[in-house]
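What follows is a group of structures, each given as structure tokens.
Heads up, the next two complexes both have chain A, just with different partners, chain B and then chain C.
Right after this comes the complex of A and B.
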């Protein structure tokens, strides 16, 4: 198979986050956060001052880092860099769009769910069962 | 259809016919197997699809409760608690372990979250006030992580399976619509060609046979004639006159003898 991607089976990997402050704080409280020796974090707090460029860079960095298995991204942040999220098609790390506190979750925007919908429009998975 | 006229470029011989037939058998078997694999993957795919949708729904609920828990923390412990939390980040205690699952030869990643257990660094958060809320909030977010990790592994399986199904189907279709007709065409071509050769050969043999027959008949005829002549001569000899001389006598009568004057 030409596009076969090697799935690394390491013992432990990190969960990265790109989200608003509250969400990040909550997950940090749960113990997800990681700061390495070079003071590099595995999360990015998005507020009103964060530029799209910063988000893009963080997304690219998280998706290329070896030690990250899952990238959580708030949906409104994902909407800002929708083209990047949609063009991303590797299985690992997995991109997960999560609802944020002050932005309601819309399944139609989710890149994976929209793909599900596109594949099985007859079943209309995303809209029919909601 | 363009596939109808296509065939392999082979020399039409009996050996080649055997080889191509063996290849057709192999292609048929491979096609059946790949079809089964595709079916198995599709079954798995649909199951995952259903799970993804239900998990996404529950994710919304859980994120809501955890957000609410965080709001409680903020209310009780003050808004400044976030700075404490952000400053206390050292090393992740919650990590993800990935392993592989094999479904019909396709390796699917499965994530599991592991908790290192040492929660000491944030233990003192909210010591002054709201400690209980902080703990509850932590538990809520850990639960959220649990769901999210499951969702992530489902989603990754979904993408991998999607890719695998596509390639398998492409192979099935290629075998069905390209390879098999090609081989069948080749077989019919070789058979036709062999038949043609056989007919040619038969015709040639027939021709040769006819020629020989005619030749033999001719010889028989001439030998018969010869024998008849022989018999006639013998008969004449017995009578004392050679047939030839008799002939000559007869013919001599017709001829003008130069010695005879009158």
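Right after this comes the complex of A and C.
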């Protein structure tokens, strides 16, 4: 494509996760777990005791870290911080809302699909969720 | 104040201020697209949307297998042997990472950037992986647009088939190292679960690429709609 320049960027970026225990354990088995010198991890396990503030803080941290390429967030967790997730619009890290065991993927809540719905309809995103 | 700072960081809004009373500043806007180019973008957008949703179906199915195998492993090994308290909190780097290559339009705002993600599995076999990943990136670059997910999956299959015995040995070693977090004698279901989540990672990286394609073509079409 004219006017497009390939810029090699990061070669070893991480995949961060904000999800339930089984999902996080599964992906850790696949080798994505990282613990740095300050014992900071690239994941947050969400359970019944996790507060919305903790989820918000983790989301903000992962989306501002330079070494993270993709943030996986269970969709039911994303719904708890929907305003934050929808207001995020940078290409990297990519935010992917994934299903969980008890909450199947719902395209109606996906932030990417909500954003592009605008192309098909003159209604606002908010009215589409009613 | 903290929220405002985060908000400024992630909206990536770096558009310069434009004074519309000064016509020369309006040259910063991208030129209008040719009619043929616009149709190509619409097709790319619709294609990417379709693939994005199809990949999520595939992901849901693979994750269900992974959760089921994990639950079976927990049932046979015991709940105390598979839980988050056993996770390794010592310093260690991720064995599976992602390589990002950015395609940057010579544009004003960051939304026109189209990153391309490539999965790098089990980093100890880094030399072999980097060659195969470069092949994948080269195949994706063909025609300058993303191919359909079926073709991409075929490419991933081809690249996996190119793995020699040494790479497979190293992959096995890394997989065993990861499984050893939960002990030496582990259920075959735990191994199966690990493979399912590895497959899920492949699909997730494809979804990330589709997301970037959807957002990129949406941005171009949105700009065109505003121009009109």
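The rule is short, and it goes like this: the second predicted complex is superposed on the first by the 112 of 130 C-alpha atoms of A that agree within 3 Å, B and C clash if a C-alpha of one lies under 4 Å from a C-alpha of the other, contacts with A are read in each partner's own complex, and residues count from 1 in each chain.
Going forward, contacts are C-beta pairs under 8 Å (C-beta built on N, C-alpha and C of every residue); 3 or more make two chains touch, one makes a residue touch a chain.
These numbers were taken from a predicted model, which means no experiment stands behind them.
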*Between chain B (first) and chain C (second), which does A:64 come into contact with in this model arrangement: first, second, both, or neither?*
second
*Have a look at where A:87 lands relative to chain B and chain C in the superposition and call it first, second, both or neither.*
second
*asked:* Quick one: is A:34 in contact with chain B, with chain C, with both, or with neither? Answer first, second, both or neither.
replied: both
*Interface residues of chain A shared between complexes with chain B and chain C*: 1, 3, 5, 7-15, 21-23, 25-35, 41-42, 69-70, 72, 89, 91-92, 94, 96, 98-99, 101, 105, 107, 112-113, 115-116, 119
*Residues of chain A touching chain B in their complex?*
1, 3, 5, 7-15, 21-23, 25-35, 41-42, 69-70, 72, 89, 91-92, 94-96, 98-99, 101, 105, 107, 110, 112-113, 115-116, 119-120, 125-126, 129-130
_Residue numbers of chain B touching chain A in their complex, please._
49-50, 52-53, 56-57, 59-60, 63-64, 66-67, 69-70, 73, 81-82, 85-86, 89-100, 107, 109, 111, 114-116, 119, 122, 125, 134, 137-138, 140-142, 144-145, 148-149, 151-153, 155-156, 158-160, 162-164, 167
*Name, in rising order, each residue of chain C that touches chain A in their complex.*
6-7, 9-12, 45, 49, 52-53, 56, 59-60, 63, 66-67, 70-71, 82-84, 87-106, 110-111, 113-115, 117, 120-123, 141, 144-145, 174-175, 178-179, 181, 190, 193-194, 196-198, 200-201, 204-205, 207-208, 211-212, 214-215, 218, 221-222, 225
*Of all residues in chain A, which touch chain C in the complex?*
1, 3-15, 21-37, 39, 41-42, 45, 60, 63-64, 69-70, 72, 87-92, 94, 96, 98-99, 101, 104-105, 107, 112-113, 115-116, 118-119
